[in-house]
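Both complexes shown next keep subunit A, but they swap its partner, so subunit B is in the first and subunit C is in the second.
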Partner chain A sequence: MATMTSSETEKIEGGRAKSFRLPPALISYLQAAPLALILGAFLLLPILMITVVSFWDYDFAQMYPDFLTMNYAETLGSWVTWKTYLNTLKFAFLVWAITLFVGFWVAYFLAFHIRTTAMQMVLFLVCTVPFLTSNIIRMISWIPVLGRNGLVNSTLISSGIISEPIEWLLYSDFAVVLAMVHLYTLFMVTPIFNTLMRIDRSLVEAARDAGATSWQTLTNVIIPLAKPGMAIGTIFVVTLVMADFSTVQVMSGGQSASVALMMKNQMSLLQYPAAAANAVVLLVLVLMMVAGILRIVDIRKEL
Partner chain B sequence: MSKAAEIDIVSVSKIYGTTTAVHAISLKIPAGTYCCLLGPSGCGKTSTLRMIAGHESISSGDVRLGNTVVTDLPPAKRGTAMMFQSYALFPHLDLVDNVAFSLKMKGVEKDERRAKALDMLRLMQLEAYATRRPAQLSGGQQQRVALARALITDPEALLLDEPLSALDPFLKIRMRAELKKLQTSLGITFVHVTHSQEEAMALADLIVVMNDGRIEQAAHPRVVFEKPATAFVARFMGDHNVISGRITRSEADELMLSVPAGGEFLATGGDAAGLTDTADIAVRTDHVRIGEPSEKGLGFTGSVTNIEYRGSSVKLSVSGAGVEDFTAILSDTEFFANPVKAGEAIPLSWNREDAIVLGRLRN
Partner chain C sequence: MTETKKPTNGISRRTLLKTASAAAGLAAGSGAITGFPTIWAQNPITLRQFGTGVSNLNAIAEKCKADLGITLEMTATDSDAAAQRAVTQPNSYDIADIEYWILKKVYPAGVIQPMDVKKLKYYDKVVPLFKTGKLKPDSVIAQGTAPHTVGFVEKPGTKTFAKGETQWFTMMPTIYNADTLGIRPDLVGREISTWADIMDPKFKGKTSILNIPSIGIMDAAMIMEAMGNIKYADKGNMTKEEIDKTIDFLIKAKQAGQFRAFWKSFDESVNLMASGEVVIQSMWSPAVAAVRSKGIACKYQPLKEGYRSWGGGLGFAAHLSGAKLDAAYEYINWYTSGWVGAYLNRQGYYSAAMETAKQHMSADEWGFWVEGKPAKGDIVAPDGKVMEKAGAVRDGGSFDERMGRVACWNSVMDEDRYMVRRWNEFIAA
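Here is the complex of A and B:
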């Protein structure tokens, strides 16, 4: 009798459990599903499509599904591509070096020389104010400053320092780098500021106690500890510069080229497979650069 | 092995804006002393230590170390080394580089400084961990690294800012013994900031009790414990009942005190003659016994409010005769020979020498 009752209750409880509960494994999959769907639909699928299309054939009007390595052969076999890649890498390096230098000192000033947290936040927000306008506007606003009859040239001429306007201020590599530094420095400031704020102030005191000068403290303690922030900033800046086409187009006045600009031109000529092949090559290059940065600096502590 | 230095603090003040953290304190710490700065948080003990170390500017007054006035010298030029509360080990460096840091700053060759750092680590029994990072060590090991890093500069005085506060109770007691051993073997002056009176009693040759930016008493632990200078010291060190009241009769070195609700208490010693009007007296909790007083003013009758059994002793809380929460610590044999219950009225008494007059700080 007793055994029957207990098995009956088991049955009832078992039945109830089945109707209300999902297996735990399924629950985990369901929880992961939204992000997986979004990443799948908006990241993996497009990349997959680009990769597939990069092997297709095309003429002036149409694409033909196929499996050709022609697009890659054309892309990698052309000296124009190599020159463009080199030019893009040059921009990336220059912008990286300048934003790292400027970004570190801005972050250092904010983190170590501003005493109150309130003031730190205010100044940090001031840094972000330009970001309330669009990239394009901020870029274009350089034109009246740097142009032939722009602010800089007219000031220099009226003060008698030069007699002819400086030509290389606008529509030059200088203008491209300047605009990119302006656009991307904050991406360097933010992560470095974040790491610097996490440095225990007693470490600086300990260094001072051990007889370190300010410069020695900086090179032996602060910079090594800021490396993860610098690495994250570097990833931001390098990927942004490598993918940039509008800044290069506007600020160089069409005189300089970048990989993304080359792709844009290919697309406007309806050479989608060629652009896709170019995109895959660029993606691989950028991923390799990011992997290289991650190998040098361990950023896991920051995430 | 290294030379110890006397630390002489001459009316040193620390003023932050409008608040004064340290009020013109003067203190002489003899060479080779283990000195504990003791007090509740915010009493100015850490500010004092940091001023000796040079991490805090001195608003007024001077600090002398050995024969040099170090008031305006940077930390590394003072011959002191500081051990920070959180140890402040460099997380990106391994133990050898952490310990060798100050040598590197001085420009000592890499091989030489690493060899010296390894020797220091060996002294601290840490050579097996030499290539690890601080985060891979336990709290006690981290503390030994911090000690090694401070001692490699061969300082005349080692300054320790709450060195044991981050450790668990068991380790605290072990590291305490190691600190004392180290100080004895090195022979240099240690200045140790703590808020634990037990720690200070266990370690110090000189306890400096601080409160509200002033030194209440600076003396050998035994003196601080047996003859607390002020009511604050007596309360902070524990083991004393402090009774405050009006002076009714005052003779050479003894006075009679009356508390508002009628009780009268006799106390001796101290500078009884210097006091007028009101005074504080202290009675050792462990010298109180149950029984009628032999003389008027050396006891009172009160009701037991609480009884705590502590194994070897029993703690009674008694209220009566205008005295609240008077503590009596009885040995277990004494208590169980004649047990009392909560609520019972009992007479308490003590000997003449167990009630002492406490001084007041004159500002």
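Here is the complex of A and C:
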């Protein structure tokens, strides 16, 4: 890419001003500069600042530049942190497993059972309709459905199936997972649908000709080829769940904790260095998880 | 999150002159040529006020502009951000509208200058609760950061609070109230008379307390003491052992499923109550009014152990001097002269100078809000909404009955950081 453009530039430059010529290496750097600047200014610099602040001292009003490992010691030394991380990982695992299952089958149906491309696109757009409203609204609208006197409970009671309202529908881990699955399934559907659409249909036909059952075709041909899509969907869902605080707070009624919620609590009490230390720990953990996923599946294969 | 409210009703030069001349004419006509209020329109003065939002009301800024010609720029923050801003950006505000426990934190930083009571026109009318800690001579002084304990200093420049009443007042109290538990009388099914009732196994899974550590711990303390689990030396300043005991108890109750949810914001508490998810919970008085305005029965239940109270006031930034300081004194004198007090009383809060507020309220309003009498007509909020129908009586009764039975004030503890850490454990447990 870079060499092609530089030779083009040379041609144009050569036609006009012979004396002015940039060295090819510099041109490559210049071309990379805009993205490097943006990532540097809006990603690397803030992360660097967070890391620096995580070593500072603080009281209720101010932060004091310092080099203390106290924030990390307090974060990693407290059972609350461990419990909260475990809890968050539990949510991440449950939501990942359910969205992967649901997402794969939705994508499979769209890709292999809908005949016309037009219909596929229409149905895919139907999947995105709920995303036209905000996250918060989609989440909060579960509350009147699941509440003690909500739709589900009142329907079950009036139809005589249960006599007492079911308490664990709302303000429970169940509610948190349900809302997250609802919020994040599409992030799984889209990349899987994309990879399934790229599968060469003749491979499926060849499998059938060779005498494979539908199940064998699925497990030996389709799923292995869909892995990059699943990996991308997994990265989306896992990072979203690990960083979530509003869903956990609203759907658990403040009874359950997540890592991001813990950070938010610290920030609302102006304990920024403690929150920064927490953020660094979370960042390292999530990066390790993403690295693990990338080791298992080579997503570049299909991009 | 910071929200800046500016009264941008765009007063044109013309209306300004009109108001000014009308006010001047009124002053001359009534023979009250004492020079009060001075109209600051000729020499426009802007006062920047920031604070916790309860009394950051646009109506007050508009009325202040009309009466005094002083432009009020108001910024609302939450209480932790207010404490931080008060200390770290002392030049960013002229008037600090903060709670007394925040004052205790920030005053030693030297960012607030005391007021000379000789310049405060209505100082004599300020209720004695803020001077001696006693509403009536025979009242018991409540625990916690009681306003009178941080209300005075010996002289400007000192960083420690005076033991008794002096000439130097740290803050003019503006707004305060007595908090208790809110209940759904139709769903609790029995008399509620003590803070301990929230732990009744009968209400398992139907209770809630608020998840704001500095206030939640006080509610928890009221509950603990009511149950006879502990006797605090000072609820407002617990020792580490007392904090541990309180939090351990809360964790046990949480794991036994006593709580349905913990709420953090006003609307959450309203929804929990209105939907019937909880039947008894910590609540603030406007939230009770909001539930009732949906036509759902809700009571702000007085309890035998007394109330948990809170209060805020206006303090002068240390950098104020000259004309701006004069304007600030004038603003305080206007604030306490009655109109604002009546406005706050009508919202269910209390104002510092009750006598002056009375002149701006109808006899029925005064009877309902302050004397605890049945309303003769409908009680209307300042925005025109009907709050109570004729015949209603205020929960808890009169001002004296409510503010006379304060058991503790919101406060800041010496072991603040430890308490917050343990509180987070309770939420994560």
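Please note the rule applied: the second predicted complex is superposed on the first by the 282 of 303 C-alpha atoms of A that agree within 3 Å, B and C clash if a C-alpha of one lies under 4 Å from a C-alpha of the other, contacts with A are read in each partner's own complex, and residues count from 1 in each chain.
Criterion: contacts are C-beta pairs under 8 Å (C-beta built on N, C-alpha and C of every residue); 3 or more make two chains touch, one makes a residue touch a chain.
These numbers were taken from a predicted model, which means no experiment stands behind them.
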Subunit C versus subunit B on the shared subunit A, clash or fit after superposition: fit
Subunit B versus subunit C as contact partner of A:255, first or second or both or neither: second
Residue contacts with subunit A in the superposition, subunit B compared against subunit C: C
Partner chain in contact with A:130 - subunit B first, subunit C second, else both or neither: neither
Touching partner for A:203 - first (subunit B), second (subunit C), both, neither: first
Per-pair minimum CA distance [subunit C against subunit B, superposed on A] in Å: 45
Overlap of the subunit B and subunit C footprints on subunit A, listed as residue numbers: none
For the subunit B and subunit A complex, residues of the former touching the latter: 53, 55, 74-77, 81-82, 84-86, 88-92, 101-102, 104-106, 149-150, 153
Residue ranges of subunit A in contact with subunit B within the complex: 200, 202-203, 205-213, 216, 220-221, 224-225
Contact footprint of subunit C on subunit A as seen in their complex: 60-62, 74, 78-80, 83-84, 87, 143-144, 147-150, 167, 170-171, 249, 252-255, 257, 262, 265, 268-270
Of subunit C, residues touching subunit A in the complex: 78, 80-81, 83-84, 87-88, 105-106, 109, 205, 208, 211, 213, 254, 259-264, 271-272, 275-277, 416, 420-421, 424-425, 427-429
